[in-house]
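Following: one structure in structure tokens, then a few remarks.
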């Protein structure tokens, strides 16, 4: 059970308080109707799934309730950083 | 006529007393979730100091998240209206019940299923967390007294889990 | 290739087993091949075997970054079944089940396919509706799958707890008698030995580090830790690492890789006659020929290549097992391990061509790839040989994520209302 | 000495005799004995049979690395435990233990025939045969193999014991309480650190327990640690797994050692988060590989010392040592000191430290250097050994009844490896030791390779003049893996150590290779002619030793397995004989049978009651979300398919929610209470999912909106009052709300009081009848329900359950998300076009509905189905075809999603998803079922009161 630093609560809390919410920094297009099928497919389904440095979202669902972003190494599972939603990509 | 109507609680109203710990159902109270972008917006409504550090509590108001507070008052108190303001107040008085865990083994009983380090959880702190798979709000009222707020439909399970741990 | 048989075993025994040949030579890469398979798991080795056996393409290399069968092939719970809901899935998995039957003889390698029956439990009204829908669809698709009452289910699997007071009582079950298990390592070794005998090079400790493309963008070879290897046909069958390989060809894929854990108990005398799966309680179990209870756990929630899972996943899995099979509460967990499963948005595989000419892919099998091993190998081989998909794998293309023709078995199982 | 129990010595309590049973025979030991030491003391050498060859086996070790002495313990019904190590079982009065994997008896085992056939059963033999005739595999071969395989018997009854679990946190966790672990604890004791010190044995001390000279120190140290308030000592506790971020799993055994089973958990799972971990797990001695090294009486020399010094038991009366390492010599000296008879020391090395020679000489022990054992005589016990002088190849026989092996030491790096710390190979130790850590952890003592056992020669196996391919020299005792098996694997092209392990099963037994991994590596190394580090090392995985399922499940047993959520009215339903069904995490009343009523009859009665007079239904499980804030309407407008901004306060609207992929994920009727306040409802199963989805969009896509979401599912008990007489019953109970049709139309909400309790009163209907949904604070749900029952008695008010609810809604063609939709259905497929705001530029899922396949013809669409035979109720999940006479595989064009008998209509009704169904009205379709093919005509989905006249009253 990994420890996750919640940038809102500003403390490390156990994984079972959190829900992973997939890859980070995939903004919903402002005008979905203007998207080509390929662009929309990319938004919906295409994921980086890197071996190594990964940007992902978590929600402190059984804590402060906030979604936030994280950078984690997918080989070591170690976090490099967690930061609040809306902050620039690390 | 409401006096005529009986409340039905999901757990026994007889406390569970075991070696070094007592688990009981707290009396009914009023509960509200308060939401706002800024604590000041709520202070304008409630005319009281609103704690802004997550985990802190003051005057029965606990800060659970950056824009979320949890207010507990004794039954019968009134709440100012906030319609039209950039705040949200929702009555959740009956959404949960409160279990009081007290005694020298109180922390030990909670740790049977709660992954937080309660040695680091000072008196006065409040947080939403989890007991095994069940979400709770944990409040440390005193060194050896905790309040556990749990949604009604999960209360029977939590009562069984904690009283079982207490008897072991 | 020395033919395996009771006689050869006897003959070799007399000479103290001193003159058994290598089951497959440890090949060094040649400069070029007619086809390259990236990934030495059961799927990849199977593809190489069928390329040589059925499509006459024998100048083939299988590139494995570690040791063959060391990925999900050697880390899964070896469940084999084909009782899927949608026609596309049923045809795909049943193609595999038909190949499983007789595979030992075809490969002259006992892969110990054991038709013990796979039983899926229904715990609530919604499960019943869902399994009935499966059974009816399977029947009309010619796939065996039958409904059992709780009593019939218990008769088929005596350790099952069918008490109506259980937290998740058993309301019935769907049984596919042709389903079962096989010995995972033997599948990889059997395919490797048979493929090598047909001229395929099995190259281990050879990681692909790049994919070289010509001026028109078509594949012309792969860079590896053991040098450049040319080939105009490259099939990627790298499971959890597929995204990584595809990036080398400039492709982003609709895939995410998650840790999946499994575990076995200490070996005991025969006690568990079949495979039982419960989606509602999240547990599945069988007993291996060696006597171990083989138990599948769930995936962790985050993307990871660490092959390392969390303890709370195992806690939940064993709690579930002990609920369905209370007599095993005193049994002991002997070994746990983790694999990396690549999951697509609709939890169905991607098997076919890619936007890059000469580059083919077989991935996205999630937690259920082992059962498809012979079928996936055969269909990848077909697609690479003909440069077009077989009608069975045609629906499992990449385009479905663009046009919306998803094959979502999990969604079809739907949510409790 | 009497039997094998030494006159003096050991830590057993000779004043407390303990009587126990093994294979039905009664024995006596002393308090403090393990089953192994107690049986040894009684001269028992034979403990079990091996896995494959069923060879007779005795003890090899004294600790949890023991590969051979696996036994079963039976403590009564449901308390049978197989595969326990005799070395880890503490005896108590009445203990009943049994040997395993033998028939009919341990001494006389038919399975031993495999040993004679051994030459035909080399590694991987099963891959090479049992293939002909094909049909024999399932019927003959596999059952036979399975019968032979396995160790102990399976439990057959449910375990009555309970298990506990807990989380714990500490600053310093020390795993292993040998001298190194104890020193680590003493060193930090005076800090204010929270320290946990754990050991798998029943008392602290580890190796020190076998060294009387350390006992005074041990006693002082244990006292000091026990007195320290910041030190928690856990004995009989095995740290089995090292997980991410210093999270350690450990199991504590609480009652198995007690004669009486008290009312307490059998085992307890500790889930420990530590700031720093100290691993002090020590090292395990390596056996030596030579022919006959598995004969009962051949064991590790360190084990012999443990039995003598800790338990006061001699493992033989004339011990011989086969050594390649100094530690064995020291053990022999200690044994001699303890009064054990010594026969000889044999060492494969040509010379050893002169100090060792002098001490041996002083003690009068004959020494054979540059010698090795080439034969062990005796089957069920050692009688003598043949040793070979490597100088002149002369073989001589030595009388001995116990041959000790000292092959050097293997650091226990298991948990270190779980934590992903790296290892480095040390040639001088012939072992892997910890290198770089991956967590905040250090290794101390033996497991770090730091020990004072002296030095040794690293050998793969003893040289022998015999034909290596003919002798059984065991590497993995339990799995019967011999040196020649490993060589065969290499010969057959298995080069990676993982391949060799899997092909030979070396190290895959219940001891997980604790005594066999390194010898296996050395043999593979010489066979491959490669240095060990080039072959690699099989990875260690949890658990360190096997752990009980029940302990890992912890307190999650029976009623505590998973919460069953119940409503405030559930207790009333239970008291009134309801039959329940489980929906999501909830328990809901399915129907309320009267005496001798079956489900069919009850549901018919309940449905008729609602249509003709009045029904009452507990709808409390419906999800509810309070949406509050100036931007509430704007937010819902973006989430739902239909428009929300124009909805007037006091009115309700049906909301349809899609996932971004365009498929229906939830629905529900929602009400606007004020300009900035909505009361949403969701499906029972969708509540949490919908709230999470809405929070996701709100927080990450539209953080600019001033609106907040609160789950109010459990704030309100919801009572649906449905039927023509609903209003009449409400009127006398409600205050502050004008219930007249004009003042309170269908799809409206009013706030007031009922029975004096504040209520949010919805006028809505999921039945097609005049209906109200009464929301009251949960605690009063049952009380209000009972008031309504009393008030409704005059109208024969009838409680109905989920089954009748399903029939009633189906008669009206209302869908149930998750039953009539399945995650692949769009609003158009479901015939809910009217619920999609055509003019809205965007909402969640809109874009996906424009994808090629979603707009293509031939999609499955929701239709009604009326069977030609009105008495046939189709099976839900039945498949539909256009041509019933086609061969299998058939082309299926759809399936039945909902199907019921409608007592109101006097016939069956069904809904189905059918390809292109919306254009098929009136067509006849076929439903092939086993034995009979049914026919049905496509219809609309509204079967009852299509005009909705019954609502407008």
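Per-chain numbering from 1; labels A, B, C and D assigned in written order.
Simple rule for what comes next: a contact is a pair of C-beta atoms (placed from the backbone, for glycine too) under 8 Å apart; a residue touches a chain by one contact, two chains touch by 3 or more.
Quantities reported herein were computed from a predicted structural model and do not represent experimental measurements.
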item: Co-neighbours of subunit C and subunit A - touch as defined; value: D
item: Centroid spacing, where centroids are CA-atom means, of subunit A and subunit D in whole angstrom; value: 28
item: Chain centre separation in whole Å, for subunit D relative to subunit C (CA means); value: 22
item: Where subunit B and subunit D are represented by their mean Cα positions, the distance between them in whole Å; value: 32
item: Residues of subunit C engaged with two or more neighbouring chains; value: 306, 308, 310-311, 402-403
item: Sites on subunit A at which at least two other chains make contact; value: 1-2, 14, 16, 19, 37, 40, 44, 65-66, 76-77
item: Residue list for subunit B, restricted to those that touch at least two other chains; value: 115
item: Overall pattern in which the protein chains touch one another (line/ring/star/complete/other); value: other
item: Subunit C residues touching subunit A - in the complex, by the definition given at the top; value: 241, 243-244, 247, 252-257, 301-306, 308, 310-312, 342, 345, 401-403
item: Subunit D contact footprint on subunit C (complex, rising order); value: 4-6, 8-10, 13, 16-18, 20-26, 66-67, 70, 74, 87, 91, 102, 104-105, 108-115, 123-126, 129-137, 139-142, 161, 167-169, 183, 185-186, 189-190, 204, 265-272, 287, 289-291, 306, 308, 310-311, 314-316, 318-323, 326-337, 400, 402-406, 408, 410-417
item: Residues of subunit B touching subunit A in the complex; value: 54-55, 64-66, 68, 115-116, 127-130, 135
item: Contact footprint of subunit A on subunit D as seen in their complex; value: 243-245, 247, 271, 273, 420, 438, 660-661, 692, 695-697, 699-701, 703, 841-842, 846-848, 850-852
item: Touching residues (chain side subunit A, partner subunit D) in the complex; value: 1-3, 14, 19, 21, 27-28, 31-33, 35, 37, 40, 44, 57, 59, 61, 65-67, 76-77, 85-86
